[in-house]
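Multiple structures follow.
One chain, subunit A, links the two complexes that follow: it is found with subunit B in the first and with subunit C in the second.
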Partner chain A sequence: MREYAIGNIEKAYGKKGVLRGVSLRVPAGSFVGVLGLNGTGKTTLFNILGNMDRNFTGEVSLRGKEVAYMRTKLPFPEWRKVKDLLSFYERFYTFDRKKAERMLENTSIRPTARLRALSAGMQRQLNFICNFCVDAQVLLLDEPLTNLDLVFRGFIVESLIERAMEDRIILVATHEIKEFENLFTHVTVLRDGRLGPLTETEALRAQGKSVEDFYGESLL
Partner chain B sequence: MIRKIFLTEWKENFFVCAAGLALCLLAAVGISLAGIGATDALRADLAEYVFAVFNAFSYVMPVLLLLKSIFSFRSYYRMAGVTEEKRTQGVLFGLFVWTALFLAAQMIFATLFDFIYFAGAPAVRGQTSPQSMLLSLRAHGVHRLLFAPSAAVTVCLMYIMYDVIRVAVVRVPFLPLKILVALIFLALYFFYHYTVYCAAGITGELADASWLVLPDSVLPVLPVVPGGTIDAVKDIHFLAAPILNLVFLLGEILFCVFAYGFVHVVGRCKNEIE
Partner chain C sequence: MDFKSNETIYSQITEYLKKQIFSGSFACGTRLPAIRDLAVQCRVNPNTIVRVYAALSEEKLIYTDSTNGKFVTADAAYILQKKREFLREKSAAFAKEMREAGLDGGEVTEMLRKVFGSEEERR
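Here is the complex of A and B:
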């Protein structure tokens, strides 16, 4: 597994610069929390890392099928069926379809259902399951807990604990810090278009600080 | 990759084509039923209406498939690391296959209608305008099936034109230059057909290249097909592109080389995955 490196990423919407030289080097096996206030550019950054947005300057070491990206919204037409999505992932990624089907059995999502027939929460569940079952080196999760019920939130956290044992990298952009508190190995804060230093959560705990304390201090 | 893209999109294309064919069949059955017991002249008129529906759909459906290819939302390919080049190749392959399949199926249905509707009524067929039977293999011979890939080639060339203009608009730095490049390719596309058309005719006259297919034909009138029938489709169907005329083929290849040469030079997009 290579180190995941992001170098000097810049992105602007018109004259408004959103990302102004974002750089990060993530060691293998890290579970990184990308924190930041609304509108600071977390989704913009994830869209670049997930290859949804190619209009930027800078460098990203791993892209395409090496990165599974759970966006806030499914990027597929709503008339498609759940099984079509599974087939898509199976065709274009290294994808464990059986595992995905097993995970879907624990939800109320039927493989023959169309996406438009699913609630926002069910679409999020499907989105998570599809991307979780991709054998990619990097897993990007943008607000993974939004719109989800308590049971599936727990399911996601449990699944990520399993994934965190592997030698892969997980990046999560979230405001739900408490639920990931024990999973994060590193955290960083996006502010004013730049990422703060990658801070080890072990070091924070040694100082008697929680991730939330660290985040609060970073915003000051 | 092309196969994967084709498999991902087969359903939507299949349903578009199936819906088109179903409408043609509905028109054929409905109008035929309306003609029961009518006079020969009226039945001939009704047959012309049915053929007119088939002919109209031979325009509508390829254009619909083209528009669907242009406007389909496909950011998920990008997310999965499919390059723009591969995506375009996949789209072109799908466009060619589905256009050709639709038109071939439509010609078979038009031929069936020709046989069934005029069964035992040669006088009615005699009063029906031969021009309306554009897609009937009974009227034009089985060679006419070549119209299907021939129209599919035209639709693919239109997509290439769109693709190059899109690249020009995205990649060329200054607005006047963007407009200029886009206009050049637009003009190239619309005039190359006719330029090559003339060139084919002139070449035939000057160099005694009588072995060339006439520019207004899609049929294989080459020495290897002795006695092949010259059948002018181009004159009456805008989408037909002679695919076995060497001069025309050369023109099409040159257009593609020029278009993709331009794309290669300016690049499709920023930060493409290598």
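Here is the complex of A and C:
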């Protein structure tokens, strides 16, 4: 596959510049941790990369069907049914519906249930399953483990390990470094509207630094 | 597995597998876990396991059978030789540390005897 290139993205809310020239080049097969304090614009950036926000300047090499995006909340009306979501994904993306249905069978989510009948955790499960079953080059995950029990957290981690065997790209915005640090091939820190250098995690460790040390230093 | 977060995961898993091979837990000719399975078990990126297996192949401790996966070498004598090298390196590093702390060979031997003795009593 191609490299994933993001060039000079800028975005402001009113006069307040949130993203002030975000650039990144991600090699195929990378599993990247996008770190940053609350309010630094991680979600704003992911919304742009994940087709949810067209109001920005800059360039992104893969868009539309090539990008699946697990947001913190499901972007669908609460009265919709689970199976409506599957149909939506099927129409918009190259989507493995059979696989999604199989994965749902291992949860307590019924295809006929309405979204409002699902707990916060179940909505997160559905959200993950839908986006995981999209055949896209890029998978974006915004705090994917929030609200989830131990079992489903484990399931997500295992699913992502499976995905990391392929040539595709995974980007995770998270504060849960401990759960992900051994999965990341690279990390980068968003701060003051810009992304720091894409840094290999094993190269950090070879210098005697943990991902947390690196993150801490990047915030100084 | 518990990993130290400030040492390469690659070297920690490599060492873990070497110990498994040297101790006989992974005996001569045993089939090694698939990359995916070991990655899930260790909860690490599968690319790391690919690198680990490449390093062990380079050292000829394991080999790849193109259809059936990775296996520990069937050459027991070679494993024994590699085990001695490994232990010699570990001992040399330990001896250096003890010397730096001011202990001589006799004292270290005495200390080790006590440590091993009390561990065996506990069993």
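What we mean here is this: the second predicted complex is superposed on the first by the 220 of 220 C-alpha atoms of A that agree within 3 Å, B and C clash if a C-alpha of one lies under 4 Å from a C-alpha of the other, contacts with A are read in each partner's own complex, and residues count from 1 in each chain.
The rule we apply is simple: a contact is a pair of C-beta atoms (placed from the backbone, for glycine too) under 8 Å apart; a residue touches a chain by one contact, two chains touch by 3 or more.
Keep in mind it's a predicted model, so treat the numbers as computed, not measured.
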- request: Please indicate which partner A:Phe88 is in contact with in the superposed arrangement: first for subunit B, second for subunit C, both, or neither.
  value: first
Which superposed partner A:Glu200 touches (first subunit B, second subunit C, both, neither): neither
Task: Scan A:Gly50 for contacts with subunit B and subunit C and give back first, second, both or neither.
output: first
- prompt: So, does A:Asp213 touch the first partner subunit B, the second partner subunit C, both, or neither?
  reply: second
- request: Could you look at A:Asp135 and tell me whether it touches subunit B, subunit C, both or neither (first, second, both, neither)?
  value: neither
Task: Look at A:Asn182 in the shared chain and tell me whether it touches subunit B only, subunit C only, both, or neither; answer first, second, both or neither.
output: second
Task: Could you tell me if A:Gly64 is touching subunit B, subunit C, both of them or neither one (first, second, both, neither)?
output: first
- prompt: Looking at the overlay, what does A:Asp96 touch: subunit B (first), subunit C (second), both, or neither?
  reply: neither
Message: Considering only the contact definition stated at the top, list the common interface residues of subunit A for subunit B and subunit C.
response: none
Query: Touching subunit A in the complex: which residues of subunit C?
result: 3, 5-10, 35-36, 39-40, 42-48
Task: Name, in rising order, each residue of subunit A that touches subunit B in their complex.
output: 50-52, 54-56, 63-67, 69, 75-77, 84, 87-88, 91-93
Statement: Seen from subunit B, its contact residues with subunit A in the complex are 4, 7-8, 11, 73, 75-82, 269-273
- request: Note which residues of subunit A are touching subunit C in the complex, please.
  value: 29, 31, 157-158, 161-162, 164-165, 181-185, 202, 205-206, 208-213
